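First chain A sits with chain B, and in the next complex the same chain sits with chain C.
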Partner chain A sequence: MADLLPPLGTAQIDGKTKVDEKVDYSNLPCPVPYEELHREAIMSLKADNFEGLRFDFSKGLNQKFSLSHSVMMGPTEVPSQSPDTTIKIPTAHYEFGANYFDPKLMLIGRLMTDGRLNARVKADLTDRLVLKANGQLSNEPHMSHAMFNFDYMGSDYRAQLQLGNSALIGATYIQSVTPRLSLGGEVFWAGVPRKSGIGYAARYDTDKMVATAQVASTGTIAMNYVQKISEKVSLATDFAYNYLSRDVVASVGYDYILRQSRVRGKIDSNGVASALLEERLSMGLNFLLSAELDHKKKDYKFGFGLTVG
Partner chain B sequence: MDSLKGKGKGSKGASSSSKLDLVKEWTNWSLKKAKVATHYGFIPLIIVIGMNSDPKPHLFQLLSPV
Partner chain C sequence: MATNKRTGAGKSGGRDSSILAKIANHEIANKGRRAACDAVYVSKKLLRSTGKAAWIVGTSFLILVVPLLIQAERDQMLGEIELQQASILGPPPPGALQ
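Right, the complex of A and B next:
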């Protein structure tokens, strides 16, 4: 299931009990949400590299409410017919955003100059049931999407129901089997184009490493492994294979979290090397540098940005 | 099923030949209105909720760029 936006995280993760004593199978910890199964790998390997200038200014009005202004200038890629050429169109836009964070309700809205609204809502309906909604609405007809998720968190399992526009229904379930291993599955049905799919996932984690694997009937098989070398360094590797379209990608990446900066980089089997540096110049002022070199397609992207607040 | 749908689309009046078509029309109409309402009203809704939360910020803080 492709998320249109990065997954929202829920702050309802219990700590793990030490495995020195005998495993208490009736008291297993709650597993990670299904869409965040591979979140450690995503942090290193799918960093958001960008091209051009990015400026984000965020102003807090009080503890819960803040406004944000973003300016982005740079080329954006347009899908082209042949896989060899990439077509880029220079664009510039300004995005106004408003955020409201409450323990029980979170609202995030972003409005662009071309009229597109990006909305996210997360509401705790009860202690264990969370409603998440996200949508991208635009003025053009038939270009709007919305997705509603109902998440139920049990003692050692999580279940989620997804409803999307244009008749999309999905459900995921993940269960802790041992204190370190959790297994899950998902099933979805899409109205347009008519297809349905089923997938399975497994995650094994310890203090030092996380390994996950996912298989889906859409043809993807993905496995990734993250090793936490120290508090500051972690390395990740990922392997994705699509048995229907015969695409294979393997990548290796790193994530260094230092005192004043954070560097993430990866190299791919498609000949793509990329890195992202976030440096904290002073309190509330962050400088970003992003580079992505695609040697196969000869597409080199560099970006820089500043985040205030 | 197909002939019934054809009849429903052919008649342009308010009366459709089956209740399902009416329900579909109403849900389509309400979804369109909901989409327009969300598009125009989501950000003002967040601003209203935010300006009414504790401690109440001033209107000046909302509009000034500092």
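Right, the complex of A and C next:
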């Protein structure tokens, strides 16, 4: 049932020379990982707007080892019964983290004051095989989970196997078809809600633009397009439609990367306008301002933060 | 008597005609009043919806465009200062930190 796309004849055009050159179908570039297919669009459109105060401090003890402290204070939303009202509960927590970075091994751990421990491991087992593991332990029962990913990078394809703790198995495969076009598919099976799904994705990128499309049997159809207008400016647009729950959202956003600052803004078809400004006050000191206006629900969120190190 | 009758008749006739005039006036006045009420109602609605739209557009402009303009202007001023410094100090020596 997993009708993944068969490896097609691959083609390559040297980017610099014109179309006169014969396409060499045996030397394609390696495609982008399947979960990062839409990474340019995510950078512009899914900026992490937050509410309240956010303070992050990281200090490197060694060339490979660093610690981080972060404080977050602000209201968090609790899903409420009626869709009109949102219940916000003010919370504040401190998170301690330790990171170890090596070319072959990366370890990240985070511990929060509400008792949650989060750990991530990324290890290069061989030249082509990468293991990623992700685990979360929590005080609340049934909220702990772990996930293991095995990524294999071929010459012009990538394959990934995913195993999760509550009987979750997934596999993704993506292949470069031409130097600009890559196609991929994914399959997953979840044991606890007995569901399985299959999805397909395509990505077309040139120097100036990236277009991706994804279809999944869980009901989502997502398409996005990012155009790089200059070195500093890029515009992105995104369309998501869920044919099972009949939800549709379209959004348009911009991303300006200037020398001392980065401004990202987005407006939505749900009537949400949001913006995130990161400014570099001095070496290693970044100042963040975030704003989100939801005109339909009349919910306004503003946040500010500081990142040191 | 005849004159009285005539004047009486004239007076009542006059009163009749003035009453009729009053009635006619009343209808037109009613129509006019209704039209004025409708005009006020429509203009109030228009003003309210224009106000709402202006609020939404104004606050979204404040969030989306104003920080961008401020940052772009600061970047431009920084570029000018660098240009001035480069012209004053001359080209940097080969081993300098940029």
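What we mean here is this: the second predicted complex is superposed on the first by the 288 of 309 C-alpha atoms of A that agree within 3 Å, B and C clash if a C-alpha of one lies under 4 Å from a C-alpha of the other, contacts with A are read in each partner's own complex, and residues count from 1 in each chain.
The definition used in the following text is that a contact is a pair of C-beta atoms (placed from the backbone, for glycine too) under 8 Å apart; a residue touches a chain by one contact, two chains touch by 3 or more.
Nothing here was measured: the structure is a model prediction, and the numbers come from that model.
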Side-by-side fit of chain B and chain C on chain A, or clash: fit
Touched partner set for A:52, first chain B, second chain C, both or neither: neither
Contacts of A:179 with chain B and chain C, given as first, second, both or neither: neither
Partner chain in contact with A:33 - chain B first, chain C second, else both or neither: neither
Touched partner set for A:277, first chain B, second chain C, both or neither: second
Which of chain B and chain C A:291 touches, first, second, both or neither: second
Partner chain(s) touched by A:135 [first = chain B, second = chain C, both, neither]: first
Chain B versus chain C as contact partner of A:144, first or second or both or neither: first
Chain B versus chain C as contact partner of A:117, first or second or both or neither: first
Chain B versus chain C as contact partner of A:305, first or second or both or neither: neither
Smallest separation of CA atoms, chain C relative to chain B, angstrom: 26
Partner chain A, residues of chain B touching it in the complex: 35, 38-39, 42-43, 45-47, 49-51, 53-57, 61-62, 66
Chain A-facing residues of chain C, complex: 56, 59-60, 63-65, 67-68, 71-72, 74-75, 78
Touch list for chain A against partner chain B, complex: 59, 61-62, 64-65, 67, 96, 98-100, 102, 107-109, 111, 117, 119, 135, 137, 139, 144
Complex contacts: residues of chain A adjacent to chain C: 254, 256, 258-261, 263, 265, 267, 271, 273-275, 277, 279, 289, 291, 293, 295
